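As structure tokens, the structure follows; a few thoughts come after it.
As written, the chains take the letters A, B and C, and residue 1 is the first residue of each chain.
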Amino acid sequence: MQKLKVLENIWYVAALGEELTTKPIARTICGFPMVLYRGESGKPAALEDRCPHRQAPLSMGNVLGDEIQCNYHGLMFNGSGACTHIPRQDRVPTNMGVSAFAAVERWGFIWIWWGDQSQADDSAIPHLPWTEEAHRRVKYFYFRVNANFQLMADNLLDVSHVDFLHKHSIGSKIDDTAKASEAPKVSFETEVEGNTVTTIRRVHDTLLAGVTAKWHGSEGPVTRVSTGRWEPPNCCIMKLQFQDPDGSINETINMEHIMTPETETTCHYFMDWTWDFGGPDGYPTHDDVDKEQRALIEVDDIPMVEAQQRNIDTFGTDARDVPVKQDKHVNEVHRVLRRMYEEQGITGRTEVTRQAAE
Amino acid sequence: MQKLKVLENIWYVAALGEELTTKPIARTICGFPMVLYRGESGKPAALEDRCPHRQAPLSMGNVLGDEIQCNYHGLMFNGSGACTHIPRQDRVPTNMGVSAFAAVERWGFIWIWWGDQSQADDSAIPHLPWTEEAHRRVKYFYFRVNANFQLMADNLLDVSHVDFLHKHSIGSKIDDTAKASEAPKVSFETEVEGNTVTTIRRVHDTLLAGVTAKWHGSEGPVTRVSTGRWEPPNCCIMKLQFQDPDGSINETINMEHIMTPETETTCHYFMDWTWDFGGPDGYPTHDDVDKEQRALIEVDDIPMVEAQQRNIDTFGTDARDVPVKQDKHVNEVHRVLRRMYEEQGITGRTEVTRQAAE
Amino acid sequence: MQKLKVLENIWYVAALGEELTTKPIARTICGFPMVLYRGESGKPAALEDRCPHRQAPLSMGNVLGDEIQCNYHGLMFNGSGACTHIPRQDRVPTNMGVSAFAAVERWGFIWIWWGDQSQADDSAIPHLPWTEEAHRRVKYFYFRVNANFQLMADNLLDVSHVDFLHKHSIGSKIDDTAKASEAPKVSFETEVEGNTVTTIRRVHDTLLAGVTAKWHGSEGPVTRVSTGRWEPPNCCIMKLQFQDPDGSINETINMEHIMTPETETTCHYFMDWTWDFGGPDGYPTHDDVDKEQRALIEVDDIPMVEAQQRNIDTFGTDARDVPVKQDKHVNEVHRVLRRMYEEQGITGRTEVTRQAAE
């Protein structure tokens, strides 16, 4: 089997914590079919989804204790991938085992270590404490996307699409064809520190529209402040605030958008959205957030990104990106990724080398 | 991207006129994904369906004036494929443009020029004046077919299938297993003039059945006169008449069946059907024609042609055609096509070289 | 076209007798598209599903007498594949013919001879007389499976899966994690004679569960006696009995499970199930057997075997089987098959060479 040539020795999100139960899930991570389950003790496990006896998926089996039993002939495996039981047989052959992946539940996500398992290091998991803050509510999402992971991540790294793709929901009220000089003033800063890229983008004196106006309780004018920190492999740690003319900020949305490769042209998209405004039972409720975010992501973003992927598949090497000025944050992230891929000897990642020479 | 190796410097039909509005259409022509739209001035446009910024399909965008705006980041392109606007940016990079195709609306179809755009020549569009004659009614159709364009065109060039495949609708009343000497007399003439192949086929003293009897108002006997002119790339210009024993002709149906390649194994099938009989509101109405033709084409022809394609895909080089005497018109057209392909240096078009040596 | 490299000069089941009527069936056998039909005389026929004129499937045509007429242009072919009629033409070209396969109806199945047609020998058809015994009822089944034929056959050769996959229907009442020493005693004998492998498996003093308890009229304890005879290419001739402590046997189920390759990764699964117990109209009726067997095969077995196939496709050469002691019968059959493949010069049949070295 050909595993994907993606960044190794790093944590990928494989599931939401709330997805994981004693009923196993089949999910392909980095091209590798895994079974994910929660043992009866609560501990998450991630194994190769293949019984070595006759190739049956373990994900069709049952969890017993912290182990999983293949439903075809009853072989059992523990969370380390060792076979612990073969019916009507005492001896276990030495080659009767499966790959296992370190699996840690933190911040509402299940993180698995991809690479050399002996190097798995909990402290390298991104720090997302707002997901647990008492004054915040949090809603988790999982989407499966028929597009390369980086294409989906780039969507999140690129705030400028909001005014077009999300014009009717979270975009600002703008003139679609406004000259640069006539549009609301934008200031934009990007900083690279090691493998992390942070960005602050301010749209000054802009009018809110759609659900952003509902969140803020008025159309403004406000300064829209979008803060983003990208950490590899593709964790977009984002903050959105609306600053009133008097300088006050009454709403802070923290959210993560985290992409995990499934195959070269499909990915898993994990998300949390946390908010500190509205009454404890008042707007926006969990249901409001669910509807609003699905309307954005399932109706606007994912169809667009999947359409990009289809065009890239069709046009092949003719599909070269001609950059614009607003692509700065995306470009910085791609530069970091190119360096990291090079450090790991990974070639052929066209998502970060598709840019046309001018 | 690999464009299809099909005839170049020629007009292909890309859409029906009635399909084209300011809501863009995505359609692949000759293997090339295009966005087709009608500008607010009414003018048709055909562009590469790919924004060069980030590969989003322009067909997901919006028409503003005679231009189209990408819905991802707001870039705009005119009907010549030039980028006219990039939000928050004054300078347009020189390589920010897309391919454009000459597009002309005529006889109810949108014709696009495939090949060297500087040679686009309106006068080469086939002449179909009956679609605009005052004493005729006209109904347009579009079908998408999962078969190679030539396989679908051959169906139209071959009138002999009518008595079998359309036995219950437009076929004549015949004995399925009749010996050649016992069947109604058929006379058949085919003439090649340059790149055009014309044919006249008369079935003498035959009884009409199904809808043909309804059109004629009786079962006959009549002489069925089918006239066909084929023009490249695959425009089948057809006329059907029923001649009474006294020599009079009371119904003339003019119709076009025009095939445009989508991929090697799929095509677009455009059609008009015009008639000069029946009261202005009487049978056959537009709805009658719609039902009758769909019953023929969607139920009989397209499933058969798609089944041929599947067999050709499966049997590969074993799928060689053993010709029969009735194939004369098809064979003449294939001979012209082989010559034209050779003139353009196009090889590998097995649709016209599949015939077995006897 | 690439036919499958499977055992030749042998009978494969192509259809149930009850499936075959004068309405033709399209079915791919050993990778070769065939049309199967019953002539008006009752005789079965199996032809290449491809009219040599223009590649239309004959299966879209009509049976006239014992011949079949192509529905595109009316050519006719007899059961030997010879063209007998071309409309409006007296002479039949010498190369206007199709492949034909010897087809015999016996024991409720249609057997076709794959290989050198001159060697077709009725006496080599497996002997299944219980399908016609007066004191038995019989129910036939056809399933199409998205898995390699051997993978499906192995499921039937391997009785040990019953206690896990069919735990809630025909399995015995067992402890899923019982040590070998604690489980009901099993005795198991396998014998190879020429190309035939027979097996007897007895589970002693076991409790029946689910439908087996219903068949037997009590939960036992009984000795479960499973007898199997495998004949190539993949005919599993099976008998199931429940022996009471006093040695009496009141129910005998004879059943066949017969696999025929469709493609490398799909197969046809034909089955009969015959029983000698219950009143002539009493439980289990034909409907009871239909529901019970579909619940086992369509809900348990086929999804599992299709999942194995998907894993094998995904993991490729990493998908090597690590055998267990219970695989003895499967292993003996694979050994016979390896020898037979070798005798016929057939290589690359990984279904019988997938086993890992320990």
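We take it that contacts are C-beta pairs under 8 Å (C-beta built on N, C-alpha and C of every residue); 3 or more make two chains touch, one makes a residue touch a chain.
Treat the numbers as computed from the prediction; the structure is a model and nothing was measured.
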item	value
Contact graph of the chains (line, ring, star, complete, other)	complete
Numbering shared by both copies at the subunit C-subunit A contact, with half separating same from different	different
Angle, in degrees to the nearest 5, of the Cα rotation that carries subunit A onto subunit B	120
Subunit A-subunit C separation of Cα centroids, rounded to whole Å	46
Residues of subunit C whose C-beta touches two or more other chains	none
For the subunit A and subunit B complex, residues of the former touching the latter	154, 158, 160-161, 163-165, 176-181, 183, 186, 303-304, 307-308, 310-312, 314-316, 318-326, 356, 358
Interface residues, subunit A side, partner subunit C - complex	1-2, 33, 49-50, 52-57, 60, 64, 69-76, 85-90, 93-96
